[in-house]
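Both of the next two complexes hold chain A, though its partner changes from chain B to chain C.
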Partner chain A sequence: MLGLGVFLLMALTAMTGSWLAPHDPLEQDLLNSFLPPFWVAGADPAFLLGTDNLGRDVLSRLIYGTRVALMVAVIAATLTGMLGTTVGLLAGFFGGWVDTLVSRMVDIWMAFPAVLLSIVLVAVIGAGLHAVIIAIIVIDWTRFCRVVRAETMVQCQQDYVASAVTIGLSRRRRLFVEILPNILPLLISLLTLEMGIAVVVEAILSYVGLSVASDAATWGGLIQEGRLYVNQAPWLMVFPIACIIVAVLGFNALGDGLRSAFDPVLRR
Partner chain B sequence: MLEVTGLELALPDLSAKRGFARAPLVSILRNLSFCVNQGESVGVVGQSGSGKTSLGRTLMRLNEPTSGRIVFDGVDISHLQEAELRPLRRRFQMIFQDPQSSLNPRRRIGQSIIQPLMAYGMLTNPQQGWQRSEELLERVGLEPMLSRRYPHELSGGQRQRVGIARAISLEPEFVVADEIVSGLDVSSQAQILRLLRRLQSELGLTLVFISHDLSVVRAVCDRVIVMSHGEIVESGSCAEVFSHANHWYTRELISAIPLPDVDEKWLNDIDAQDNKVG
Partner chain C sequence: MTAASLLRRLLLSVPTLFGVLIINFVLLRVVPGDPIAMMIGPGATPEDIQNLRQIYGLDKSIYQQFLLYLGDFLSGDLGTSISMRQDVVELIVGRLPVTLELALVAIAISLVGIVGLGITASIWKGRWPEVLIDVFSGFVQAVPDFLWALLFILIFGVLWASMPIFGRMDLAVEFDPLTQFYLFESLFRGDLVVFRSILMHILLPALSLALPLIAIGARLLKSSINESMAQDYVQLARVKGFSHFRIVVSQAFPNALIPTVTLTGVQMTFLIGGTVLVERIFGYPGLGNMAIDAVINRDLPLIQGIVLTFAVMFIVLNILIDMTYAFLNPRLRHD
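After this line comes the complex of A and B, so read on.
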């Protein structure tokens, strides 16, 4: 429930952002720089969460950042999940040399430091939202692959798969009609977990200035800008960090909630 | 109906696999030959690890035999490809040992029961499907309304009946029942065995009944095959084997029955009592 609430709030904020935000996130107002949030003396009620060094409204920038974060979370996690699951299913189901090949590839993949690899990737592809998404897919498919492969192997040992053979189901039907529905609950957990990870990775990449164009508002970018003024205006860093924490917690709770709502085995 | 000659099965032993070398083969079944006649029920007994289940699964062609022949109704099925086997598969079915794992946990009971019929295109209309699944549930002595439940909502005995319903849905001629009562309490065991016998006479099933429990085999089967370490050590009619076993291993198995003096017709007695009450 909590997870769904956070997710819907994020989705709503992302969709109605331009209407919801009290100011243009890029509008500078140098006379009103470093205004504190509303509960501190000297705040301007027009800038609820204060302003940054250039007098830009923090709340508006956070709202615009939500759109980037959510887009990366949903698109990157879904595509990562699709790639990793497909490869993992095939490796677990067919075993033999397919499995050996995939497993060794995953091992090699995971030996690279993830952050470094993503920075290199983004540097090669060129900064931008699509580059962030591609980087997440290329790095994190192994996370899905390993877990799905192991679970597929477990399911293959179950008698219901043998039973599907005795009624003449083809390999494809066995894999997609019998086994896939049984790893779906696991996939939902992984997917929402990956959404949280994607938000963090996007924040890291925009922190180092490799995400969307540097003047656009992203949570990671806000943290990076706020870092310079952390002593005079700590709220510049605190709010985006809080956003990230809430989003990641929300995604994880969403996974648990979806599982118990849709899995007939858990729903007792 | 079924003729097995010189059947051998060897599977790779992955625990002994070293590096990139091919895993060494472990011989599971050694030179098995026997036949099962139409309408007969044959018991396969032996301690765990003797290869009973592997034999059952090989007869179902879940494993491909290493050598030897399995001839089902005049067709050699020992090395047929999956596509060639498909039309034959509806004629031989298996009831699995553990109904917990033999039913897809995320599919409703009714859907599991009619899935074989759907797979062979004998049912297309979903409405008809629910009706058919309810008929089959009644046939194995379960409430029709269970068809909308999931496997974990049923008891072990109920799940095993569902496993039987699924196996007979295609109206097969030959059924392998692999330790189907070993996980159940004694009264459910008796009920399942009576159900199996009733279905056997109603449908004219040919049955291979795998069990480690000789008293169960004696109650259900006409003939018995005794296995040890993947080999047949003794075979013959139930009466013969039980009265004077030739092989020491068989005698040991018989003496291991907790109540060796139980009347071999115990299941009939229960039937007779029930009829009186009913």
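After this line comes the complex of A and C, so read on.
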């Protein structure tokens, strides 16, 4: 429930961002730079969470960052899940050379440092939201693939699959109508876990300066700007870090909640 | 591990390395975007582009290019960095020790942490030390590891400004190193002032790398010690009148090591990969920091070289982990 709350809050913030944000996230006000958040003396109530080095409103920038984070989380995690699950299902179901090929590829993939590879990929594709999403898909499909492959193999040994063979169900029906629904609870927790990872990867890439356009507000970008002025204005880093932690914990809680809601065994 | 099985293990990594080479090649040459256009600015003339194409062999077919790349790799030539105008191998050799030193310190901290916390939690099972350690590792794992580095900067750099948060050593400290292993060299030379400065700088980045590993490892070690405690040989040790402490440390712990090493081995590669970002955050002049600069400068040969270096490190690390199992597990030694 907590996870659902965080997710809905993020979705609401992202959708109503332009209306919710008290200021334009890019509007500079050099006379009001480095204003502290509201509970510190010298704060301006117009800027609830203070301002950055260029006098931009931190709260508004965080709100706009939510939109980027949520978009990357949902789109990237879904696409990554679709690719990884398909490959994993095929490898686990068919075995043989399909499995050998997939497993070898996963091995090779695991030999690359994920962070470095994502940075290189984004540099090659060209900075931007689509590049971030592609990088996440290219790197993280193995996470789904490994788990789904192993789970499919386990399911294939179960009696219900043997019965499906006996009653003459086609391979496609066995795979998609019988096996897939049984790994769905697992997929859901993987998916929400991946959403949290996607938020972190986006933050990493925008921290390095490779995500969306550099002046747009993203959590990672806010952290990177805050890192430069950490001694003058530590709150610039605190808020985006807090946002990321809440988002990641929220996604994980959402996964646990959904999993127990979907899994008849856990529900009992 | 016998020589034969070691050789077999080494041979098994050849296809992986080959796959890594292919992907590294494809990644930067075939994907959208002309590498030459990436290297030079928009003001270049067509002749400039043609010249560079020839220099980098890009006018040849893709297979010939790959063979050239493979040949260069085998002869130890990774090309010349575009942004630094230096040999890529030289650049990497210059920075690799910095990253290795950081990783080694991080691994050392993790090992001490894992063994210390794992054994402590097992000795005081069901009492407050175990509860405390469980809470700690749950909390550590809940926060994404990239954020620990930033949190440390906030905590130890700002809130309680007690540690340096940028660079490798104080600029005021005089040190004329022979190697890039500053920490080990200063200790070896007995130069304690320098050693202290370098140690203070390495501590926070190393700790940010070690923390996630400690959390996972300690939890694993604890549960495998608990499993070992149910075994017959532990019963025998109890009958012999060994103390609880001695049973945990000298009987259960060595047997619990194998599953822990297996599972934390994989995490160790994450630690190495994590250096890229942690070095960036702490302005630590290692390989990872250079990699990000190379990406920003679109320095293709350097990027390829560094990605390859990391991949080779991962492969070597995996072999080392396999060898460790064999060392820890007598049954595998005679395999």
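Note that the second predicted complex is superposed on the first by the 268 of 268 C-alpha atoms of A that agree within 3 Å, B and C clash if a C-alpha of one lies under 4 Å from a C-alpha of the other, contacts with A are read in each partner's own complex, and residues count from 1 in each chain.
In this text, a contact is a pair of C-beta atoms (placed from the backbone, for glycine too) under 8 Å apart; a residue touches a chain by one contact, two chains touch by 3 or more.
Keep in mind it's a predicted model, so treat the numbers as computed, not measured.
Enquirer: Following superposition onto chain A, is the placement of chain B relative to chain C best described as a clash or a fit?
Expert: fit
Enquirer: Go through the superposed model and pick first if A:162 touches only chain B, second if only chain C, both, or neither.
Expert: First partner only, chain B.
Enquirer: May I ask you to decide whether A:15 touches chain B, chain C, both, or neither, giving the answer as first, second, both or neither?
Expert: neither
Enquirer: On the A-aligned overlay, A:181 touches which partner chain: chain B = first, chain C = second, or both, or neither?
Expert: So A:181 only meets chain B here.
Enquirer: Is A:2 in contact with chain B, with chain C, with both, or with neither (first, second, both, neither)?
Expert: neither
Enquirer: State whether chain B or chain C is in contact with more residues of chain A in the superposed arrangement.
Expert: C
Enquirer: Should A:111 be classified as contacting the first partner (chain B), the second (chain C), both, or neither?
Expert: second
Enquirer: So, A:46: does it touch chain B (first), chain C (second), both, or neither?
Expert: Neither: A:46 stays clear of chain B and chain C.
Enquirer: Angle chain B-chain A-chain C between C-alpha centres, in steps of 10 degrees?
Expert: Seen from the centre of chain A, the opening angle is 90 degrees.
Enquirer: Least CA distance chain B-chain C after superposition, rounded to whole Å?
Expert: 10
Enquirer: Which chain A residues qualify as touching chain B in the complex?
Expert: So the residues of chain A in touch with chain B come to 158-160, 162-163, 165-171, 173, 178, 181-182, 184, 263-265, 268.
Enquirer: For a test of understanding, state which residues of chain A touch chain C in their complex under the given definition.
Expert: Touching chain C: residues 104-105, 107-108, 110-117, 119-121, 123-126, 196-197, 200, 203-204, 207-210, 223, 227, 230-231, 234, 237-238, 241, 244-245, 248-249, 252 of chain A.
Enquirer: Can you list the chain B residues touching chain A in their complex?
Expert: Residues 57, 60, 62, 82, 85-86, 89-90, 92-94, 96-98, 101-107, 115-116, 119-120, 150, 152, 166, 170 of chain B touch chain A in their complex.
Enquirer: Which residues of chain C touch chain A in their complex?
Expert: 15-17, 19-20, 23, 27-28, 31-33, 38, 142-144, 146-147, 150-151, 153-154, 157-159, 165, 269, 272-274, 276-277, 280-281, 288, 291-292, 295-296, 298, 303, 306-307, 310-311, 314-315
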